[in-house]
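Listed next: structures, encoded as structure tokens.
Both complexes below contain subunit A, partnered by subunit B and then by subunit C.
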Partner chain A sequence: MSRLLDLRLLTVAGSLLCLVLGLAFPWSKTPLIVGLCYGIAALGVAAMVRAGQVSFGHAMYACVAGYTVAFLARAWPQLDGMLLIMGGIGTSLIAGAVIGVFVVRYRGIFFGMLNLAFCMVLYSVIGKVYDVTGGTDGLRINRPTVLGIAFERDGFETALLIGTLGVAVVLGVLVQRYFQSASGEALAGIKTNETRLEYLGLSARKILWNGYVFSAGIVGVSGAMFALVQGLVTPDIGSWLRSGEFVFITILGGSGHAIGAFLGAAVFELVKLFAAAYMTGIWQLLLGATLIIVILVAPQGIVGLLLQKSAASKGGGGH
Partner chain B sequence: MAALVHTEGLYLAFGGVVAADGIDFHLESGERLAVIGQNGSGKTTFINICTGFLKPTRGKVFFEGRDITRMGPRHIVRLGMARSFQLPQLFLEHSVRQCLEISAAARSGRLCFLTALGRSVDSREIEHTLELVGLRERADEPSSSLPEGQRKLLDVAMALMLNPKLLIMDEPTSGVASEDKHGLMATLMCALDERQVTAWFVEHDVDIVSRYATRVVAWTAGKLFADGSPAEVLESEVVRREILGTA
Partner chain C sequence: MSLDLLLLAALDGFSYAGLLFLVSLGLTLIFGVQGIINVAHGSLYAFGGYTAASLVIWALEKQAPTWVLLLALVLAALAVGAVLGGIIEIGLLRRVQDKDPVLQLLVTFAAFLMFEDLQRLIWGATPYSSSEVVAKLGNISVFGVTYTRYQLLLIPAVAIVCYLGLLFCLRRTRLGKQIVAVAHHREVATALGINTKRIGLITFVTGAFFGALGGAIAAPTTSLVPGVGTDMIVLSFSVVATAGLGQVTGALITALMIGLARSIAVYTAPEMEVAVPYLIMVAVLLVRPNGLFTVAQARRI
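Up next, the complex of A and B:
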């Protein structure tokens, strides 16, 4: 129990830190929201990692959601921000449900590459149909009202920060509950023994499909929020590089617990900020080195390290 | 009433090796069937065909009178035929208890999304089963930490959690220390009686076969060549010569 308590404390402390930082240093709001969006996306990718599957194309769901927000906001400028986000989540869920039917038939490298393929097709189509999507210039999104309130830029960012933080915590709890439910444990069973799942009368494909749609929806949340904070969507939101970053964060943070995605995102953003300030030319090198260290020292990610530590102290009867 | 399982002229060959050569077989409810035969004689292949893992080239399999020849394992399991494996099939990153809990949750066919696994199943039933197979002490350890014999037991227990009508066990006592074999079979049979589960097990140990089976079939080269009470089959000259190697 102490282990769960620690992580709960960590969640509360982290959320407060985000809020205080954001309010004290207004310039930090955007990086904080972006970091939280990355964390939410990694949360979705982590669900697939639980099943032993790594998707190199999940940014497409952020992309689908982001463009949905842009299309809706341009078609009906009076639509509230909440509705825009709902719309984005809806289309990413639908996209996940349809694409999921194909990809859940595959495992391992085939699963990863098939996702990448879908992602790249979407990316190129968006880049080409200039009339509809604005091509590589993207689409601008005018600042919508939030819950009926019209905000100035600063107030809007504060509202988004609080909203993103709230959504991140709620999704984190939701995902963690899913991980520990019968569905989530069966999902983890796909990683170790599909034969046994079938011989328990369960369909591994159905279980993976459920997880896949769920993860697509979560990545969609991040895409919709991201589009709003930027006030702009470009095809880059769905590039394979972005998918790679999500996977990077998931591995960095670990998929043993939902909080891992946010710890990974925090480290990722910090390293990027630090590198941007002091090592501009070689920031990728710094990121790469971080990943190598994590894989060597903590193959289960940061959260794996935390869980291991608390399990050890519990086992030793210590404090 | 139809037999629990019956097959008609099952035929399957792997290249030149005929693993099932026109098998006509039937199993009634309430039987304790022991299957004996040398390695490679087709015992496991026959199980794989009946549970839908392999499709026969010719012939049909029926479960409670229903044709299940073309069904996959998942559907056949749902009809009430569960199995354990010669090489235990466990969820190696889950604890022993979780393995059983997933099994119990699978029985209903509907998996919860937000209720914790442990709370969505009957914990008394899990404890009872853990007790039954002697794994209570290790319930919270990862299943990968179990020695081979206990993995076997967990594998059987996972199948048992499904409350099947028929439980097929492929060599349940191999890898179990010989002094524990009888105790294990006694508890298993007791559990099966309690739940009125028909049993079908592959076994090499003659003592175990004669003590716990009500019927024995002997297998050779993809064929059934002896079928009867343990006394009849185990005493017959040809079985002693061909399979047991004691005559």
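Up next, the complex of A and C:
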């Protein structure tokens, strides 16, 4: 009980901190929104890690959603920001459902690399079909109205920050609920022992497919938000490196609890700011080194450390 | 598409398949024995290429004869394979041997990230080229199509020599039989008195050498830019996966198939070039989920 309370407290405190920071220092809004977007995406990847599967290609769903937002906004400039995001989520869900049918037949390395392959195909096709996607220059997105209100740049960013934060909390709770639901537990069962799962009369493929589509949709949310805050989509949104960053955040934060994704994203953004200020050019080196240290020292991520600590203190106090 | 163009595409594909096979051979060998897909294999390819290019450029300044240049390519690959392969195996993989397979995969991915930046730090972002080697070997004419000897003869020859050499080692030598035993069952092999640690290191370094050699012999034919490693690891994975993980001979046939298909795409539908290998992989895996050449295995519960 107490450890759940801790994490809830952490969620509330973190959200408040985001809001206060964003309102007090307007320059921090964009990094905050970007960080939250990364957190949301990692939430999607975490759902797969729960099933013991690591996808190196989930950025493709952010890419699908981001480009949907751009296409919609260019075709119908009067469309509301909310509708654009909905559209983005919709296409990423559809893409997830279709690709999911194929990839859920595979486990482990195959699963990861097949996702990567799909992601690479999408990335390279988008980069080459210049007439439709603007090639590597990407597509500009004009600032849309949000819930019917036309914002200036600063107001728009505030609205996005509040919106992203709200979505992040809601999705975090939703994912945590999902983890504890029958379907979510079955998903974790794929990692533990898939054969036993099948003996229980459950279809592992069906369960993994559900989880996969769910996770694709979540990454889609992040992609749509990301496209709006940048006002631009480029193929980079779907690059393999982006997928790798999502995986990185997931492992760093830990997939034991939904809040891990956001803790991981916070650390990730801090490292990024630090690297941009003091060590330009060795960003991937830092990422790789951190990942190795995390895997060797704390394979359960930050959340794992937190849960371990609270379990230890509870055990020490109670007995 | 005219006949000449088709022939040219076939020659391109044949030469490229040689490269692709060499890299895939390393990847599939390491998987067969260690059970790990080494994502950092792409970095080995890139490091092999850059090191070879640097060596060749240095040797050209000293007016070295052609055979020295070719030797330089192999030496570069040997050095990269031994040093980087050794670092990855001893420094990283041994430490995660008993952990979750997902974490093992991530460790090689992390190594890959680090090597990408290291490579940029060492060689910068400007393209590296050492095409003088290709020019020195001259051209050959095949049914009226002129092609470089280096690409048409040397690259496939190196690939075939590596393939036959590996097969000979695995089937005829004591060390090779030990490797096969470890690949079959690690625990039983240990119980039989095989030093699995040593075998693991030898296999990994050999695989790493093949990857680096792929890069080294590719270096004179292209200009090296950051990102070559990424393309190669995904492409060689698609070869290995299509063939079936751990299938050495299967990888040879698949590399030919994918190499040819890719080069035909280059001439007929250039925007599809990158997608073709993956489309083949998807098509094959839809019909045979474990790859073309995998034999069915008993399920372990």
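The definition used in the following text is that the second predicted complex is superposed on the first by the 316 of 319 C-alpha atoms of A that agree within 3 Å, B and C clash if a C-alpha of one lies under 4 Å from a C-alpha of the other, contacts with A are read in each partner's own complex, and residues count from 1 in each chain.
One rule holds for everything that comes next: a contact is a pair of C-beta atoms (placed from the backbone, for glycine too) under 8 Å apart; a residue touches a chain by one contact, two chains touch by 3 or more.
If you're wondering where the values come from, they're calculated on a predicted model, not measured in any experiment.
When both complexes are superposed on subunit A, subunit B and subunit C end up sitting side by side without clashing. When both complexes are overlaid on chain A, the residue A:T195 reaches subunit B and subunit C alike.
By the document's definition of touching, of the two partners only subunit C reaches A:V49; subunit B does not. Of the two partner chains placed by the overlay, neither subunit B nor subunit C lies in contact with A:R153.
For subunit A, the partner with contacts to more residues, out of subunit B and subunit C, is C. Residue contacts after overlaying the shared chain place A:I292 against subunit C, while subunit B stays out of touching range. In the superposed model, A:R8 lies in contact with neither subunit B nor subunit C. Across the overlaid complexes, the C-alpha centre of subunit A sees subunit B and subunit C at an angle of 80°, to the nearest 10. Once the two complexes are overlaid on the shared chain, A:A182 sits against subunit B while remaining clear of subunit C. In the superposed model, A:R140 lies in contact with neither subunit B nor subunit C.
Shared-chain residue A:K309: touches no atom of subunit B or subunit C. After superposing the two complexes on chain A, the closest approach between C-alpha atoms of subunit B and subunit C comes to 8 Å. Shared contact residues on subunit A (touching subunit B in one structure, subunit C in the other): 195.
Those residues of subunit B that touch subunit A in the complex are listed here as 51, 72-75, 77-78, 82-83, 89-94, 98, 101-103, 105-107, 109, 111-117, 120-121, 158-159, 162. Note for the complex: subunit A touches subunit C at residues 49, 52-54, 56, 102, 105-106, 108-110, 112-114, 116-118, 120-121, 124-125, 128-129, 195, 240, 244, 247, 251, 281-285, 287-289, 291-292, 295-296, 299. On subunit C, the positions that touch subunit A within their shared complex are 37, 92, 95-96, 99-103, 105-107, 109-114, 116-118, 120-121, 230, 234, 237-238, 241, 245, 271, 274-275, 278-279, 281-282, 285-286, 289, 299, 301. The touching residues of subunit A, counted against subunit B in their complex, run 174, 177-178, 180-186, 188-189, 191-193, 195-203, 207, 210.
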